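Step one of this worksheet: look at the structure below.
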Amino acid sequence: MMRKIGFVALVLVMVDLISLGAPFRVAVILPSTINDFAWSQSMYEALMAIQEEMGEENFQFVYSENMYVIADAAAAIRDYAAQGYDLIIAHGSQYGSSLVDIAPDFPKTSFVWGSTAQTFTELGIHNIFAYAPHAEEGGYVNGVIAALLTKTGIIGGIGPIKTGDAKRYAAGFEKGIKDTNPDVQVNYTFIGSYSDVALASEAARTFVNAGADVLTGTAQMTVGAISVAKEKGITWLGYDVDQSPLAPKTVAASIVVDWTVALKPIIAMIREGKYGGEILPLTFANGGLKLVLNDAALEGKLSPAEIIELKALVWETLRKIVSGEIIIEVE
Amino acid sequence: MRGIVKRFPGVVANDHVDFEVRSGEIHALLGENGAGKSTLMKILYGMYRPDAGEILIDGERVRFRSPLDAIRRGIGMVHQHFMLVEPFTVAENVALGLPSSRRFVNDLDRVAARIRELAELYGFKVDPGAYIWQLSVGEQQRVEILKVLYRGASVLILDEPTAVLTPQEVEGLFRTLRRMKEEGHAIVFISHKLKEVLSISDRITVLRGGRVVGTIPAADATREELARMMVGREVVFRLERPEVEPGEVMLEIRDLWAMGDRGVPALRGVDLEVRAGEIVGLAGVSGNGQRELAEVIVGLRRPTRGRVQIGGTDVTGWPPAELIKLGLSYIPEERMRDGGVPEFSVEDNLVLKDHPFRPFSRGIFLNFPEIARYAERLIGDFDIRTPSRRTPLKSLSGGNIQKLILARELSRSPKVLIAAQPTRGLDVSATEYVRRRILEQRERGTATLLISDDLDEILSLSDRIAVIYEGRIMGVVRTEEADIEELGLMMAGAKSA
Amino acid sequence: MIGATLVGIATSAIRLATPYLYAAIGEALGQLSGVLNLGVDGIMLMGAFSGFYVTLLTGHPTLGLLAAVGTGGLMGLLMAFVSVTLQAEQGISGIGLYLFGLGLSTLLFGMTVGTVKAVAGFPPTPIPGLSQIPILGEILFSHNPLVYGAFALVPLAWFVLNKTPFGLKLRAAGQNPLAADSLGVNVIRVRYVAVIIGGILSGIAGASLSIALLNVFQQNMTNGMGFIAVALVYFGGWRPLGVLAGAMLFSTVNAIQVWLQVQGVDIPSDFALMMPYVITILVLASMARRRIHVPAALNKPFERGGE
């Protein structure tokens, strides 16, 4: 009897310690590397930013990169959950089914899955959050910019696999172009791989040969395409992170995804005892998406007057998206 | 070669061997397996280095570190297993390893021209542009000899050159060798076939247990004397073959067809029968369907047409386990590959076939004491020389492995025995033993199909001889009526009378 | 329009075939000598990284190429040592070498460069005169030097294999090493040379990506090309011309699939993506029956027979 009371007391003390400010511990599973200049890097940067803000004593995180094998990722997720992390981020839509298996076994651990708009509450699982960047908004803005920059009237896009964010971004991009200049011809190609740099670069070359002078694309294999854009002296419009350091005269604009906008509310909810069930959108309206324009590249393509005109139209577009005047439908 | 000593772990392969060969001479090196013939010649060819002794060529002392050194000093070797690159042409095989007269570019046209010259000089035909796989075994051997001649060899070593040839091809080889002798070459002829040695050589050196027993002129030698020198005791050549009245047909094969490994039919309608107490010898040049026939009978290969009957039961397509139960025994051609498990012990190999049955197993357990008793008995009965019954099969010599297989197969009192190349590679005494055992089995009423490339073996054991050529039986003759010339023609594809 | 399309596809295909050609011809040399090297992808990655890094440091792609040659040669030497001298199982050693190259290139990249950077690699170098030829000039003679090198390698490899004493020794070592040995051919040395040359060519294959075609390096950027190169060796029946045909078929179908999508042809992208692999499998299956050139001693360590 005494022993049982002692145990209960110990548990109470532990619970107290957590609420009294033991550091919040996060583990993140990344499909590529933290320096991929795209998807995984943007998440890494978000976690670094939160850590800077909250302080290392309050916020710690670990990551597993290159988890392109889903079985490996599932094993890592389970390991982290068993080790008592407060939050486990499965940063890739391919990890969803693994979470459905694992999350019910760790009801006091919170999981985040993205990007998606599903949290599996319908399966009785209440400890999965989801985040969903409205990639179509970013695509739309890049589309407007592309339509204003093209001189040949031909624009290309390079995606990995036609699903999720890549598909939404492509749909938004094409709509942005059509709404700005219906005469511009745009084609979007999906090369079937997140990692085939050579094929991405070949797609870019094929676009250039077909007359394209503005290209865009999503996912980490696009570094191959950016390199081609740089070599051919045409314009690239980036996504995920600011890609201009890669090719300062080539990347005219980047849509930056700021995951902190989703992660901070999630952390707050967990602290209040809510472990899942919410879908957090990332939009221009809530600051989850940001546009970074690169004057150095724009100056090479347009006259100062044209730049001013472009910026005005772009800011106007952003305002309309935020205000709801422009609504981008995706299937 | 003077005072050559070569030791391997546990054995002295050559113990102060002296050997010489003169130009214009064919000198036979005779001995049982393990007598040290091959070791001696590998030392002469630079593949091994002697522990003691010296090699002199034209009176000059030489040291070989590799075959290349030997080749440079005019020594060439034709190996028992041909050293030919099958997808290459004759000219490419000859040119391999030689510097080209055009330095960095091949000179195969010049090589081909020289090959034609050589072929003409020594009286045989060969197409330098033909691929090795297109050639018959006899032709391949000629390419081997050409390789040696091309390198300007004055000394030619032939290791068991007749093992794979038809009688006609052996004649052809001997003609070539005599021609070479006339041209002043020195030829070393390694063999354990006494008849051939006597007919081709000028002098004969006999090795036993790594030592030279003696060197004698062939003209003065007899078969019996040479055999005594080789084995160290009298050898009986005429095996006792008491009359046995053949009984019922035990093995009957009708219109049997089967595919070979290359996807072309290897058997094209074989008809054959073997009676109880009868040995039927299947003669033929290797590769004419013998192996496939044996495999079909023992259930290892599926026939595409036709029928196999054992003791009146149609067993076509039966699995090996059922055939074993029916009393079929098999001495396979590839004894290390098909005859046992090299890593298993002698006793395990002895019960490989019968271990699921009483008394070797009780229920699902093996009866080890019984297996041990049985193994000890067979090791004694069949004179298997092994350190113990627990020794792995792979450490036994070829003759003892074959005795083990015989022990396993014959102690089962088989109704039908398929013996494929039962003495291939065995020495005189092991050969004698194996043949004796097969004849004993005949007296006990076993129906035996003896498949052998060795025509002498077939002639001395069989009651009847069937000749196979390209998957068909060309004819069956009674042994006492057999004419070796006619058998040779049938083996080469001529129809029997 | 159709003409321009065909020119575009052909030009793409030739560029895409480049890394496969280097890697597959290098692999063919090794296999013909009797060594199956499944580590090609790992060697390519090391070649890609070293070429990239040296170019980044020095600004000279030629030095980068030399670095890739050296790294590829060393990786080949390692494979030869493990599989020829130590006689380790070749398939397993190759996979080990692949993982080693994948891991080490990722680690070194993380330590030295850290993030995606572009370098100035070999620029396209149209051949004066020839590149002016209509159509063919653009397809064949307007590439960077490593593309020309890859195509020049095909007749060179054919010549070495079929017309030189070394080629004869190399093929003999892979078909019947005992026979070769008995004629004084140093089988061990021949295999070492073949595997090291194979490594060097795989290193160049990697460099052709990182300092000629893409001018960036990324972890695992070869994306399994090395394994496709191994398949191309079988596809090509161990002949340089066959390897060329296989590489061109594979890259042409890939180029067509990219082109169709770029042109906005309305076919499901998944279907387009399947095409190169489906066609490769179909061709492989149709050729499975005639395998005359298979090196008989492939995957078998060489040891002189004893008594």
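Should a chain be cited, it is by its letter among A, B and C, assigned in written order, with residues numbered from 1 in that chain.
Going forward, contacts are C-beta pairs under 8 Å (C-beta built on N, C-alpha and C of every residue); 3 or more make two chains touch, one makes a residue touch a chain.
Only a predicted model underlies this, so the values are computations on that prediction, with no experimental measurement involved.
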Checklist line | By mean Cα position, the chain sitting nearest the middle | finding: C
Note to self: Which chain has its C-alpha centroid farthest away from the centroid of chain C?
What the structure shows: B
Next item on the list: Please work out the Cα centroid separation of chain A and chain C, and write it as a whole number of Å.
Entry: 35
Note to self: Taking the mean of the C-alpha atoms as each chain's centre, how many Å separate chain B from chain C?
What the structure shows: 45
Item checked: Mean-CA-position distance for chain B and chain A (Å) -> 74
Check: Can you list the residues of chain A that touch 2 or more other chains?
Finding: none
Check: Can you name the residues of chain C that touch chain A in the complex?
Finding: 8, 11-12, 15-16, 19, 106, 110, 114-118, 209, 213-216, 218-221, 223, 225, 254-255, 258-259, 261-264, 269-270, 273
Next item on the list: Mind listing the chain A positions that touch chain C in their complex?
Entry: 32-33, 35-37, 66, 156, 162, 185, 187-193, 195-199, 201-203, 205-207, 209-210, 220-221, 223-224, 226-228, 230-231, 246-247
Notebook entry, point to check: chain B touches which residues of chain C in the complex?
Noted result: 162-165, 167-169, 171-172, 175-176, 178-185, 292-293, 296, 304, 306-307
Next item on the list: Provide the residue numbers of chain B that touch chain C in the complex, in ascending order.
Entry: 8, 13, 38-39, 47, 66-68, 71, 77, 79, 82-88, 92-93, 95-100, 104-106, 147
